[in-house]
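Reviewing the structure listed below.
Chain naming follows the written order as A, B, C, D, E, F, G and H, and within any one chain the residues start at number 1.
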Amino acid sequence: MSTVSSEQPLVGLVMGSDSDWPTMEAAGQALSEFGIPYEAGVVSAHRMPTDMIEYGKSAHERGIRVIIAGAGGAAHLPGMLASVTPLPVIGVPVQLKTLDGMDSLLSIVQMPAGVPVATVSINGARNAGLLAVRMLATDQSEFGAELRNKLVDFAADLKDAAAAKGA
Amino acid sequence: MSTVSSEQPLVGLVMGSDSDWPTMEAAGQALSEFGIPYEAGVVSAHRMPTDMIEYGKSAHERGIRVIIAGAGGAAHLPGMLASVTPLPVIGVPVQLKTLDGMDSLLSIVQMPAGVPVATVSINGARNAGLLAVRMLATDQSEFGAELRNKLVDFAADLKDAAAAKGA
Amino acid sequence: MSTVSSEQPLVGLVMGSDSDWPTMEAAGQALSEFGIPYEAGVVSAHRMPTDMIEYGKSAHERGIRVIIAGAGGAAHLPGMLASVTPLPVIGVPVQLKTLDGMDSLLSIVQMPAGVPVATVSINGARNAGLLAVRMLATDQSEFGAELRNKLVDFAADLKDAAAAKGA
Amino acid sequence: MSTVSSEQPLVGLVMGSDSDWPTMEAAGQALSEFGIPYEAGVVSAHRMPTDMIEYGKSAHERGIRVIIAGAGGAAHLPGMLASVTPLPVIGVPVQLKTLDGMDSLLSIVQMPAGVPVATVSINGARNAGLLAVRMLATDQSEFGAELRNKLVDFAADLKDAAAAKGA
Amino acid sequence: MSTVSSEQPLVGLVMGSDSDWPTMEAAGQALSEFGIPYEAGVVSAHRMPTDMIEYGKSAHERGIRVIIAGAGGAAHLPGMLASVTPLPVIGVPVQLKTLDGMDSLLSIVQMPAGVPVATVSINGARNAGLLAVRMLATDQSEFGAELRNKLVDFAADLKDAAAAKGA
Amino acid sequence: MSTVSSEQPLVGLVMGSDSDWPTMEAAGQALSEFGIPYEAGVVSAHRMPTDMIEYGKSAHERGIRVIIAGAGGAAHLPGMLASVTPLPVIGVPVQLKTLDGMDSLLSIVQMPAGVPVATVSINGARNAGLLAVRMLATDQSEFGAELRNKLVDFAADLKDAAAAKGA
Amino acid sequence: MSTVSSEQPLVGLVMGSDSDWPTMEAAGQALSEFGIPYEAGVVSAHRMPTDMIEYGKSAHERGIRVIIAGAGGAAHLPGMLASVTPLPVIGVPVQLKTLDGMDSLLSIVQMPAGVPVATVSINGARNAGLLAVRMLATDQSEFGAELRNKLVDFAADLKDAAAAKGA
Amino acid sequence: MSTVSSEQPLVGLVMGSDSDWPTMEAAGQALSEFGIPYEAGVVSAHRMPTDMIEYGKSAHERGIRVIIAGAGGAAHLPGMLASVTPLPVIGVPVQLKTLDGMDSLLSIVQMPAGVPVATVSINGARNAGLLAVRMLATDQSEFGAELRNKLVDFAADLKDAAAAKGA
């Protein structure tokens, strides 16, 4: 499930369990559409807490600029990563077999003051990827300007596709 | 309630009603702690929809790099802004008199694929400000590096304050 | 999915995505049973916001008298249309894959004072069509009187069908 | 609590209990702002069911064109009225001491196919009044055209008031 | 779906739609196990309101001693019957396609003071039948004493069956 | 808090804690209005389980014909009593400091097949008393007929009071 | 479904119905992995209340040191056992056909002060078994020390398995 | 807020913020009633994550036998501690300003398989203390036997107090 890219990954895409991958891979797909290199892997808050802390602490030193973390149930991964990194962390509530992801959503979004998590919709991994792109596009260099242009084009494509369906 | 700064604002802090300001001003406070200039104002999705669309469309052209939008009930402001801007939009669900903000939360976070909103906790305006800082800190210039350092210091202060209470 | 009628449409039936059509077509069916011409199409609040605003602003000028809007999740379409039209807007919460439509319902019904949306039940498109008929039947001309008579007949038929099942 | 007007009332504003009046009077206020005559009174589904049925059955014959019904808890009044009248019925879920009005909302909005209720937000009586105005404004006579113009002016005023707060 | 018995029915088993019968027939089965004659039929609050009121008003005069009413969604049947009869009314919340029956439950159980409904669990038609038997068994005649004895035997059988599974 | 009556009590009114009495006394008040003698006391499922079981097992032998049980939170009292008595048990969900009584409601109403509890609304003790009266009124003796007449008068009074408020 | 072991069982694993066994057997499996002897059986709070009370009262005298109890809906078994035993009781909310186990969860976890139940996740029987092991591992004898070591090894295995998936 | 005892503490009582202390001190009070020495302090998962991990990892080596952890909102403390200790962890969901503690409850109880948390009721700190006593009483030494006897006495006192109120 891990992804190795020749380029320096800019986004760390992690999840609590490999069973989250079918949901979370849409984030990677969105990043790829915008040409953003990323790394992906399992970093479980509950089963590998020390590694998780280490992952979070070192991510920005390794060149990662945004973290996307998906988890279900008592979903602690996004919030715990946010507590050890200065990077923006995007949390994806993953729906498990009961409660339709409401437990995941509340466990991720209701963070205490001081440690924010940018939460997207239940199973909203694609939007997590797109949100990461928007964050990277705030960069004031040429890289950011190009991404912003791509995002404007992307929105135009969305509109055209939607309009075509309604014509 | 509006804020005029001599510097170019980097964050647009908007809300659906001036009754949201007591909740939302904590976002401005957090931005100020990190020295981030911002503009603040009422931009109602429902009462001034054309202005709202215009605000969103032009924000990135005016130098705004992150939008924070707070709203309550059927909270459409963050999502509508996200649909017309390439900037990352942070949504703050504001608690109204009934339902404890659950309606605001779901109206903001459950966005369709293609248009993400970075949602924080109910009434979580301070975290919205801090999340905006994290986003700006992804910048690869010196500006970003300084912000990342400030964020690391901020986390250390949080820890010291928490530890002091428990000593 | 779009519908072209030779007659002037009186109802605008719109939805956020063509995936809503299997749910929403029951509204069109109900309108047809009462001989009400309508237009149908995709008008996404999030993917074609400018077109959506334009649709709402001009609808009453084009002879539309009632708008029916269906949407799911963070369902902003009915409320946004209501903010730009003087027409009554009927909102249909469409159930998506999680939360059983509760997010759609709250996003549509919890509108702020000033901008009402007439909300029907989750997936209740048939009732949206019938409600549009009732609205049109408030007309004081002969057109209204005929519709009111049809509605009385319709209620009698409902009763007969229900009674027949229990006999 | 009842209202007698010299003019023929066009809207019937009813509620399950006089304890609902502090919530519901905002509907009457909105109607008055648009010059719509209305009648108001207690018509309890559970304590005066026969009168309630009679009220609903005869309303359109007495010249009433829209019914607004507010109720709390197991709120059956709007739906029961809708079952005996061809008029559009607007339901206002009134918040009682527990459950924040969620029971009222679901009891009103989740009507079966065939009998629609136009539901507004919890305690949303003002919007119920405004929705009634929009319904009456669908009238094709001069009366309707005037109301539509007033509604356009009303929206402009809303915008100006909102914009003034944010200036 | 209707049931005709040669004996005077003691329980009226009604439901809002014949689609409720697969759920509700378990009530009839429970009554039959205790030898209680009953009548069953569709009495829709919303589609045949006048008949429904009439059914409720006359039931105790026809010898009915307990009413069982099942309904889903905005489930008004049990409460409306309770408002026109002095008989105890047992309400069965029927699960529909969304919300898992929570709307049905709240619409039935949250009755205002003055008009009680004896609510059982979602889809709990068998318990509705058993509860009717318990009510009839409060009778001070020999009929009641026999029923009480049967209920004690029934509980013993339940225990034996449960114990056998765990042995 | 206990009540001693010279007459044979027909209803056992019990609750999990004396802190429930301010809510539950409305049940006793309703019984008194109909002249039904009752006994009242604390019978905690969790703090006096053996006594509770004994209370339930012997109630019908002591002449009690209906049990009303109020409890909050993980409210086990009504269901446990129902498991050891052949009498109908009316459960009153009592609202505690969190969750608005939803936990109490679900703990009482969602009983398994075989052991019904007649559940009334959250804090609905008055309706519990009235429901007990309706149950006792199913009696075929003169006692029952008198109660039924009183219930019909009671409903007429409810109507008059409601109608008076709306006049 | 019952389990007989030659060793003295240390854990009593009970459930309200044999239909809970497919969910609950994971608790037994976890206990077996740690070599903890246990007994398993059906002890229904509602269908065999006297046996249930007896089971709870005598368990600690028979050498049982922890009780695991699973139940669904109005799940009274864990709380009732906790009221009659000094042993720690672990409650497993079992999901039934509606409400996703939320009723079970609230019925188990919301116990009044004085009678705690150690609640695990919905359908979380495996965790119930592991929690029992942790409880037994608090023992200060060699038995406890060995269990603690096994638990440390178990956590290491969890980590290795998780890490392997992400490699 | 911290507690220093001359004796070796057996229970670690920690919480995410000193604002949780008014809720959590009831756990300490319960422990004291049973003569159990404990330590108390703030160990925030989000603001002092490394200290938190260290606290959890070393607790059992310092002689702690049970951990009680209280937290609100996205309450990650109990689960994170459980992931690094072999000790049983009792989680107390603390109610914050919105959602009545439901977010706290779900964030604590819905732990993934492998890492259990023994969850008590919302704000149920007293029960957390009592549950810790029950866990310690599973000890097979004289210490455990004495605690079990105290627990039996405690239950008898609870019963007497409850019975006295109902007399």
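By definition in this document, a contact is a pair of C-beta atoms (placed from the backbone, for glycine too) under 8 Å apart; a residue touches a chain by one contact, two chains touch by 3 or more.
Note that the structure is a prediction, hence the values are computed from the model and not measured.
In summary, the chains found to touch both chain F and chain G are E, H. Repeating the F-G interface with over half of its contact pairs identical by residue number, the matching pair from A-H, F-H or C-D is A-H. One simple way to say how far apart two chains are is to compare their mean CA positions; for chain A and chain F this gives 53 Å. Centres computed as Cα averages put chain B at a distance of 36 Å from chain D. Chain G and chain H have Cα centroids lying 18 Å from one another. Residue positions of chain F touching 2 or more other chains, listed in rising order: 17, 47, 73-74, 83-84, 99-100, 102, 109-111, 114-115, 117, 121-122, 155, 158. Two chains count as a pair here when they touch; such pairs are A-B, A-C, A-G, A-H, B-C, B-D, B-H, C-D, C-E, D-E, D-F, E-F, E-G, F-G, F-H, G-H. Taken in their complex, chain A has these residues touching chain C: 95, 100-102, 121-123, 155, 158-159, 161-163, 165-167. Those residues of chain A that touch chain H in the shared complex are 16-17, 45-47, 49-50, 53, 72-76, 79-80, 82-84, 99, 102-103, 106-112, 114-115, 117.
Taken in their complex, chain H has these residues touching chain G: 26, 60, 65-66, 83-84, 86-90, 105, 109-111, 113-122, 124, 126-128, 130-131, 134-141, 143-144, 148, 151-152, 155, 158. Only residues 1-2, 14, 17-18, 41-44, 47-48, 51, 73-74, 97-100 of chain G touch chain E when the two sit together in their complex.
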